[in-house]
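What follows is chain A paired twice: with chain B in the first complex and chain C in the second.
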Partner chain A sequence: MTVHRSDRPLLEIQDLRTHFFTQDGTVKAVDGVSYEIGDGKTVGVVGESGCGKSITALSVMRLIEQPGRIVGGSVLLRGRDLLRVDDAEMRDIRGNQISMIFQEPMTSLNPVYTCGDQISEAVSLHEAVGRRQAWERAVEMLQLVGIPDPARRAKQYPHELSGGMRQRVMIAMALSTNPELLIADEPTTALDVTIQAQILELMKSLRERNRMAIMLITHDLGVIAEMADDVVVMYAGQVVEQSDADTVFAKPHHPYTTGLLASIPRLGEKRQRLEVIQGVVPNPLNLPKGCLFKRRCPHAMPVCDTPPPLQEIARGHLSRCWLTPAGEPPAVGPEATGELAEAAASALQAPA
Partner chain B sequence: MSGQTWADGAAIEPIEASASLVRANGGAGRVLLRAEHVVKHFPIRGGLLGVTTIGAVRAVDDVSFEVRRGETLGLVGESGCGKTTLGKVILRLIPATSGQVYVDDRPLFDLNATQLKEARRDLQVVFQDPYASLNPRMTVGEIVGEGPLVHGLTDKAKREELVRELLAKVGLNQSHIHRYPHEFSGGQRQRIGIARALALNPEFIVCDEPVSALDVSIQSQVLNLLDDLQQELGLTYLFIAHNLAVVEHISDRVGVMYLGKLVELADVDPLYAGPKHPYTVALLSAVPEPDPRRRKKRLVLKGDVPSPAAPPEGCRFNTRCWLREQLGNPERCETEEPVFRDVGAGHLVACHFNEEVTPQAIASAAERQLPVIGA
Partner chain C sequence: MATYVLRRLIQAVPILLGIAVISFMIIYLAPGEPIDRFRSGRVSPQTIENLRRLYGLDQPLPQQLLSWMVAFFQVWRVDAWGYSFTDGQPVITKIAARVPYTLELMGTSLFLTVIIAIPVGVLGAVRQYSWADKIIMVLATIGYAMPTFWLGLVLKFVFAIKLDLFPLFGRHTYGDDSIGDLVWHLVLPVMTLTIVSVAGWSRYMRSSMLEVLHQDYVRTARAKGLPGSRVLFKHALRNALIPIVTLLGLTIPSLLVGAAVTEAVFAWPGLGGMGVTAVIERDYPAVLAFVMVGGAMVILGNLLADVLYAFVDPRIKY
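Take a look at the complex of A and B:
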């Protein structure tokens, strides 16, 4: 495979909007999301269920189904807008340049074909090779992802394999065409911790070997810290914070990120009480005006009625919050503490 | 009827009675529940008519432990290790193959139906899946109030008041009493499950993965709630989970299971700071830490967990054990089952070579690892 190098990042997502038009109203699952993935870089996308992290990925792959629709923005792969190429071209890009693996390997593998059949199908769809050659490639790929006795395993059906083995088969299939970008949506969430460790080590080795970029979607901050160069934090369809991994974990700015990091129990740190983020994620059909996090935010202040922009608070560090870069309330407006903040927050919750 | 011991008093007085009776028997730290040689095998049927037993899944295989009054005993292990089955067996939700569980020295497995019903008041459970464990056709009031009604501790008139109290206790809006489960979020449903478990004023609650289906920000809310309730009501928990950080946070003592066996059990701090079983070492090493500056050299176990229908001879962990490999594959690991024994200060471990588990040995094992990709 030739590795293209240019000044442009491998993937640029710009102001992507994917909405779902349901009977009850429009759900803005992805609402103005922008981020980039550089060649060979791993970008961790983190957020809770429903925050739009997976829908962003599916939009990049153009796999959004009714009642969903991509209503705006662009997805540039090496400068070419994937939202404007025709279906045939897109099919070619999927698999060749971008591959995707999912959380639950059993639902993504076809139960009536052997693992070898499925991988060689992927190979022969994207390369002009004969059946025998494709099969040989499949066995090679199974060996690459560390499956013992690959020639025998290739002849087995998915149900004959353990969860970790199936995820390896998925990875083998995704990598069989040497993609430049791998989208991994919760790749280890269904796996046990010792098997997760195996898969993460595998992904690290393959990333280096193939100089492949990874969009790693997960709710597990541990996995993000382990793997990612850059981190994108999403909340209710928007990017709320974005920076390199060290900065996000050491100096988070957005109160949501701060709250998430404070609320997870960590090994070796026994605390009496866990910090909590109050309340629940807002109903996507009835989002608050202004900042989407304000009802749960300990710093909520009157200015939060105006939607905060995603702005650079330090070099390469973006945050969607009105707090100053130092984390202080902005100069104008009341102190955002105690009762005042609560009063402000409850005033904001009153129906418009 | 020989149910005197349980039925005494409890049948007459409302809720408080049975619990206070039990609580009067001993203060904090005394043994509340003792499991002795508990075995649960699920038969594998086969043959022409499917009625011949051709084998058994040895889900729980000779497990003994104690739970002390007022403590949280954490139970960790990977899927299929038998931790959930063990939780069900010690509540007699499924029958044990052999062994005995003593609750305050009463043999739970020997109680008759009436006695068992009485005993169950003190033994409750919170399940993992807040979507599957609540009846969608019942309102919150009916779900939470069903237990007290069945046990004759309340009547339909007083039930609502009781349920409102319980909802307030678990941080739910009392006015939601007539709503159905689908109207609640995952975290709220788990609170309903907790309220149901509390309704009979139990002493002991088995929490089976109570937070693993919840989002991160909601997990901490539920963990804090469990903590508060324990303090307030003097509850004893058996907390079953696969998330090692969560278990460390909530537990006083922790047991580690592998393939149906307890392999290590100790106070939480010594266990996490100085694990003595090679499996515990690997389990802790595998946890990714949410701090990119602490990326560590991992000890990655090879292969998968063997089938519990055909566990390895000798030590069940021997097929994946890094220590055995490091020691030049001593024969003993394959031929002799290690005894689960006290190696000092109540730290129990089942390994022939637990003294060889040193920081140096762990570091060198992590260094010696082969590349994870083939070709």
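Take a look at the complex of A and C:
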């Protein structure tokens, strides 16, 4: 397969907006999200349930269902805007250049077709191969994902396999067409811890082998630490912090990220109480004015009534918070925040 | 599978016995007794007494029940189910003669129901809350709520009397055995039955399809890059049809027993019509046989549905 490799990143999500038009009002599930995934890179997307991380992924695949609709932005795959290609082209990209695996291996496979059928269906859809070859590829893929006795397993139905095995089948199906990007939406959440580790190892080794990029959606920071090159932290439909993984773990800037990291219990640590982030995610139909996190934020200040921009606080490190790069409250009053935002914006545009 | 079917058939015997006891008791408890139809001023009490003895009505109740049940299961004997009070024919012969007519009416209606209701239900589910869906649901609710005797009469009034397009009743014109004539006679009763059952089946199909369309594996199929039609027909419909098998199992008894009311309204010479006439005429042997055949068909229909499940759903094995 010849792939035109330009200087552009593999995937660029720019100001993506996906809204759900419910009877109670509009839910801005994804509201101006931008991030990039470079060739062969793994980007971890973290956040609580309902923060928009899965909706972002489904928007990239254009699999948003009613009453949801992508209302703005662009999703560039090697410079081509996926939101503007026609349905036939998009189908050609889905499962071929971009594959996706889901959280629930127990229900993500069709119960009335064999595993081999479901994998070879993806192969013969995207490649000009015969039935027999597609089936052989399916068996090869099952072998590749570490399923013992793959020829027999291919003839089995999903209910005859365990959850971990089914997730392997999903991975085999997703990778059978050698995608450039794998979107993994909480791939290990529904699995036992030991199986989780196996699946992560498998994804790592396949990532090396296929040199593919991964968008890894999870709420498990341990998984991120294990897998990700870059991290995107999302909150209430927005990106609140973004950087390489080391920086996010060593020097988190946004109070939400700090809270997430503090809430991980550590073995051997003598603590009476588990750290939690106070409060709950705001009602998406009734978001607070200004910073969406301010009601739960230990550092909330008057300036937080003005929505903070996503600004670069260090090279390659973005945060949507009024705190100074050092983590101090800004010295300026609320009236000066506009200038601060402008200064931040121009700093972002200035050539590095 | 064979052992499973055998086990189910053996289990059916006590159920059938239960049906026999209950239906016998219900008919026994109904006011009057079988020979009432022979009573009149010109029949002497002695004759009545002889008739009572002839039919075994002088025996104690358990004895009556037992002798009837013993006779009933001897289906190889033509007179096992007794003779009809109305025309003196053996009840078995009478029933056997009517089964084909019922099959032709009910089979046509079931076939049309399936080929209409499944696409209609799928359309309603795929375009949920669209105008098409709303119209389908309103019509289905009306159709479901409509009693067949009334619908049959209305159709007769409009199509047979006012427009004079179809015959009022019967299975064929006297002396005309052609297929065309049969079809012409079938139209109105089949329409009556089909309108009502399409209403029920399409609602069922719609909800089954809606449930499947929200399943994760449908999303997986779309994420693979499959075109919408393949997702719908290969991945969703196949699963949505599984519960429809239950409905099919419930429908099978009526294939043979017929639709009593519709057959009566259109004077269709099937089993259902016979059942209604037998009840009105207090034709005891025929009523008992009719109830028992119906009960046996329900048991067989359920068994058939369970066996079919194993073919349509790989998760079920016996």
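Just so it is clear, the second predicted complex is superposed on the first by the 328 of 352 C-alpha atoms of A that agree within 3 Å, B and C clash if a C-alpha of one lies under 4 Å from a C-alpha of the other, contacts with A are read in each partner's own complex, and residues count from 1 in each chain.
Here is the rule we use: contacts are C-beta pairs under 8 Å (C-beta built on N, C-alpha and C of every residue); 3 or more make two chains touch, one makes a residue touch a chain.
In this text the structure is predicted, and so the values were computed from the model without any measurement.
Enquirer: Touch check for A:168: first (chain B), second (chain C), both, or neither?
Expert: The answer is neither, since A:168 touches no partner chain.
Enquirer: I'd like to know which partner A:28 touches here: chain B for first, chain C for second, both or neither.
Expert: In the superposition, A:28 contacts neither chain B nor chain C.
Enquirer: Of the partners chain B and chain C, which touch A:110 in the superposed model: first, second, both, neither?
Expert: A:110: touches chain C, not chain B.
Enquirer: After the superposition on A, what does A:91 contact: first (chain B), second (chain C), both or neither?
Expert: It touches chain C, and chain B stays clear.
Enquirer: So in the superposed three-chain picture, is A:53 touching just chain B, just chain C, both, or none of them (first/second/both/neither)?
Expert: Once the two structures are laid over each other on A, A:53 reaches no partner at all.
Enquirer: For chain A, which side has the bigger count of touched residues, chain B or chain C?
Expert: It is B that touches the greater number of chain A residues.
Enquirer: Taking the superposition as given, does A:299 touch the first partner, chain B, the second, chain C, both, or neither?
Expert: Touch partners of A:299: none, neither chain B nor chain C.
Enquirer: Return first, second, both or neither, reflecting whether A:126 touches chain B, chain C, both chains, or no partner chain.
Expert: second
Enquirer: Intersection of chain A residues contacting chain B with those contacting chain C?
Expert: none
Enquirer: Under the stated contact criterion, what part of chain B meets chain A in this complex?
Expert: 78-79, 185, 187-188, 215-221, 223-224, 227, 242, 244-246, 248-250, 268-269, 272-273, 282-295, 298, 300-301, 303-305, 371-375
Enquirer: Can you tell me which positions in chain A touch chain B when the two form their complex?
Expert: These residues of chain A touch chain B: 48-49, 140, 143-146, 148, 150, 162, 164-165, 192-198, 200-202, 205-206, 209, 219-226, 228, 245-246, 249-250, 259-261, 263-268, 270-271, 273-277, 280-281.
Enquirer: What does chain A use to touch chain C in their complex?
Expert: 61, 63, 91-96, 99-100, 102, 104, 107-113, 121-122, 125-126, 157, 159, 170, 173
Enquirer: Mind pulling up the chain C residues that touch chain A in the complex?
Expert: Chain C reaches chain A through residues 215-217, 219-227, 235, 238-239, 242, 312-315.
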